[in-house]
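Presented sequentially are two complexes of subunit A, the first with subunit B as partner and the second with subunit C.
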Partner chain A sequence: MADFIQIIILGLALGGVYALMASGLTLVFGVMRIVNLAHPIMIIAGAYVSYWLFRLYGLDPIVSMPIAAIVMFCVGIIVYKLVFEREAASAKYSEMTVLLTFAVAMCFDGLLGTAFSNTQRITSPSYATEAIFFGDLFIPKGQLFAGIASLTVIAALVAFLQFTRFGYAIRATTQNRDAAQLMGVNVGLVSIITFGIGIGLAGAAGALVSFVFSFFPAKHWEWIAILMSLVVLGGMGKLAGAILGALILATLAAFVSTYIGTTWSTMTFFLALFVILLVRPQGLFGDPLEES
Partner chain B sequence: MAKLLEVKDAVAGYGRGPDILTGTTLSVEAGHVQCIIGPNGAGKSTLMKAIAGLLPLRSGEIRLHGERIDGMRPDQILRKGICFVPQERALFGKMTVRENLRMGGFILDDPHVLGRRIDFVLEAFPILGERAAQSAGTLSGGQQQMLAMARTLIVEPQIVMLDEPSLGLAPQIVEQMYDIVHMLREKGMTVLLVEQNAVVGLSNADRGSVLDLGKTLFEGPASDILSDPRIQELYLGKPTQAA
Partner chain C sequence: MNTHLDVGEVVEARKSREQALAGTAAAGRPTWVPIALLAVLVMLPAIQVFDGFNYVLHLGLYALMYIAMSSSWNILGGYTGYISLGHNVFFCIGGYFSGMILAYTGISTLLTAPFAGLAASLVGFGIGFITLRMRGPTFIISSIALLMVARILFDNWSFVGGANGVTLPQLTIDVQWAKLPYYYAMLFIAAAAVYCSFRIKHSKFGLHLRAISQDEVKAESAGINTRFYKMLAFAISAFFVGMAGAVWGEYLTYIRPNIFLIILIAANMVLMCILGGKGTVAGPIVGTIVLIAFNEFFVATMGSSEINIFGTGLVMILALLYFPNGIVGTLAQKKKLPRFLDWD
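Moving on, here comes the complex of A and B:
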């Protein structure tokens, strides 16, 4: 029984980090219908920001999380202006974004690889190797702090979406783009800022990832499928769904890792993706798909 | 009477498709209810979308109080004073009735004014008041249309454009919708509406415009259109009297 509870604790703590990693991806899809395959490389870029701030100035990654978020927010705005803005009026915009974001991912992969090489890195604040014990149970401090920080950022995001004027504009644009325009929302501006926020969330997640996982630029290829499975399970564009998807799959992966083997843990996400697409392609919270 | 809104030689269409508006001309006077009628495919809804900024003109111009508004974004046109309720009602199905009303006043900067107007609408339309916390997507068709039209009261625009407000509604509900149209006019707004049910639309309007194949064929008092035998035969479904 203790093992069972232990696995759930570890799964949920990691799920919190996954939830933050996926939240930006699902937000950007919800508002702009961009399937952002470059999201994981932006997480890695955010991880490098925190890594270097830790290495050069000894800045704790949780403290540097807002800096990573702001840096990546600015990167997001620049990428959007350079790559997506001029294509926004295209009838095949959503399909095109898959190719465009893939190209952006390749470019950032190359840039980061050239700048920092593909050496595995990890920030090592003291708590990253410590744990809190409750009898037979333990919680790794790194995962616990990362999980709490993730959920705090997500709570702030939900409050922003729920209670602020700009949050209303984002939610309205997510639900009905034309209607939002008719209510006076500048959907072009909403798109730019939302993309920036999405990439900023990737940056914030990157700061936490920097001490929870070892990372290197090419690692983002592995995370694309993981993040997609979280988002698809919850329902594309549904923030609550992505959070729940992250908690469920991370816990499931923790069970697989313990009882079947660590190497099979990642397969949990891939298998889940297949099963979801076969059984309930709209995900847990998604709207029913229209039949063509 | 001063012209509030003028459309001159407007040409517009969707994507790379053919022109739907082929030189449309329209003039709207302040304080009136004006009804646009015409057969399917005449370009009535397209004209409204073009005025609202959802569809760019290929040529021609649209002026509000003499100022050109074609080429502006929909949010800019709303700020100029034109509010559009499309056929599909433009509601946010997963937001509550109150949140939809709040979105209706998105351009208002003063939260106190916004709050007062939302309260006014919820009092003026008790059905909406009772369902203020309910998701808009769960309302009946008539209630959704009521919400879409009542929402225009929040911004108090100069012109309210309604595309097929009676579409899919029971006759009793249609009467309620036209009560709202008259309420809008009494509050000083000009109403421009497109109506497939031409007799109902014109009966509730001061002026009318007949559109066919993207061109305006006639514009004048609604009573003249209703009594014109040629228009009756072509657009109102009434046979001409045998000589």
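Moving on, here comes the complex of A and C:
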């Protein structure tokens, strides 16, 4: 029984980080209907920001999280201006847009690989290797702090979406782009800012990833499928769904990792993706009519 | 008054008109170009008499492999409109199928390649049964997930050597001529893939596929069994990729998951097809030649393989933004396509 609870604790702590990783992805999909395959590489870029701040100035990754977020927000705006603005103007998004994000991902993969080489890196603040014990149970401090930080950021995001005028505009655009435009929402501005926020969230997630997982540029291909499985499980574009999906699948992966083997824990996400797409393609919270 | 129209007559008239149209198209088609190209490629190894051209042959072989793979990808991605970013799974299956036979029985992959292709298309048929239910972006995501699943499986499958792979026996021929058998094998596969892609485009089957790519729901209501045709297209496009993988494995003398199952190979296939013009017969060939020339230039001037990924991505962005129809497609749209490229 203690084992069982232990696994759930570890799974939920990791799930918190996954939730932040997926939140930006689902936000961008909600507003722009773009499946952003470049999201995971942006997370890794954010991780590099935190990594170098830690290595050069000894800045704690959790402290440098806002910096990573702001840097990636700017990167997001630039990428949007250069690549997606033309696409976003056309009403219909096609497979081509997905390929475009794939190409952006390759570009960043190549750039980061050239600049920092494909060696495994990890930031090692002192708490990353410590744990808190409660009797038989323990929770690694790194994962606990990362989980708390990630849930704080998500709470801030939800507050922003619920209680500010701009958040209101974002939600309106998510629900119905044309209607929002008719009501006087500047859809173009909403798109660009949302894309920036999405990539900024990726940067924030990257800061946490930098000490929870080890990372290297080429790792993002694996994360594409992992993050997609979380987002698809909750229903594309649904923030609450993505968070729940992250917690469920991370816990499931922790069980697989313990009882079947660590190698197969990532497999959980991929197989889950197939099963969800087959059984309930609209996800847990999705609206079946939206698919067409 | 007899206004009764004989149905048979109408059908006959339509048939003869269609034949006349097909006749003019066939008369205008520059059949000599592919034949001349093929002849040149068949003769190319003759330069090895002077020795020292092994790299040219390697490049030729590499280009032919990608021509086969991107033409093959075109059947699914170009004609049917289902973009697969995990097509190198079949490359891997082909490579491992023939490679393991070679390692255990010593039968050359050149003989077993067609069976490797069949194995790949069988697996493709099965995978298509599951993944082709999805449409648009979801299909793309599932194809990436498929690649990841395959990578984990092959990395941990001890029978095929896991992540270390298997070393294959080498042919005992003089180095000067060592590349020849593989070169001709790839040439055969590439020619077959291009011919197959041409025949499919001009068949009723190809018409069904293009109907699916334009509007699947309408195609289905017009009585096309979309599910079956999609799966068939998937299987056919896996066939040539699998064959190419089989020959490529023996050519490299070892098989290992990280030479087959890397995203760059899938990206190259897609990019070559889009760059040349997806849905056209000549497009993948033009795209392959342009991209390989570009890659060689990039490697020669910049070195490093990491920057190569960046270059590939950059070309892909530019191609998608400014030439979404590819070189052949864009020229054809502007009615400026030179006669020798008009293979459709």
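The rule we apply is simple: the second predicted complex is superposed on the first by the 285 of 292 C-alpha atoms of A that agree within 3 Å, B and C clash if a C-alpha of one lies under 4 Å from a C-alpha of the other, contacts with A are read in each partner's own complex, and residues count from 1 in each chain.
One rule holds in what follows: a contact is a pair of C-beta atoms (placed from the backbone, for glycine too) under 8 Å apart; a residue touches a chain by one contact, two chains touch by 3 or more.
The structure displayed is predicted, hence computed values, not measured ones.
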{"item": "Joint occupancy of subunit A by subunit B and subunit C, clash or fit", "value": "fit"}
{"item": "Of subunit B and subunit C, the chain that contacts the larger number of subunit A residues", "value": "C"}
{"item": "Partner chain(s) touched by A:A169 [first = subunit B, second = subunit C, both, neither]", "value": "first"}
{"item": "Partner chain(s) touched by A:D3 [first = subunit B, second = subunit C, both, neither]", "value": "neither"}
{"item": "Subunit B versus subunit C as contact partner of A:A179, first or second or both or neither", "value": "first"}
{"item": "Subunit B versus subunit C as contact partner of A:D136, first or second or both or neither", "value": "neither"}
{"item": "From subunit A, separation angle of subunit B and subunit C (C-alpha centres, steps of 10 degrees)", "value": "90"}
{"item": "First (subunit B), second (subunit C), both or neither touched by A:S229", "value": "second"}
{"item": "Closest Cα approach, subunit C to subunit B, once both complexes are overlaid on chain A (Å)", "value": "15"}
{"item": "Interface residues, subunit A side, partner subunit B - complex", "value": "91, 165, 168-169, 171-172, 175-176, 178-188"}
{"item": "Subunit B residues within the subunit A interface of the complex", "value": "15, 52-54, 73-75, 78-79, 83-84, 86, 90-95, 99, 102-104, 106-107, 155"}
{"item": "Contact footprint of subunit A on subunit C as seen in their complex", "value": "81, 83, 85, 130-131, 133-134, 136-138, 140-142, 144-145, 147-149, 152, 155-156, 263, 267, 270, 274, 304, 306-314, 316-317, 320-321, 324"}
{"item": "Residues on subunit A engaged by subunit C in the complex (per definition of touch)", "value": "35, 37, 83, 86, 94-96, 98-100, 102-111, 113-114, 117-118, 221-222, 224-225, 228-229, 232, 263-264, 266-267, 270-271, 273-274, 277-278, 281"}
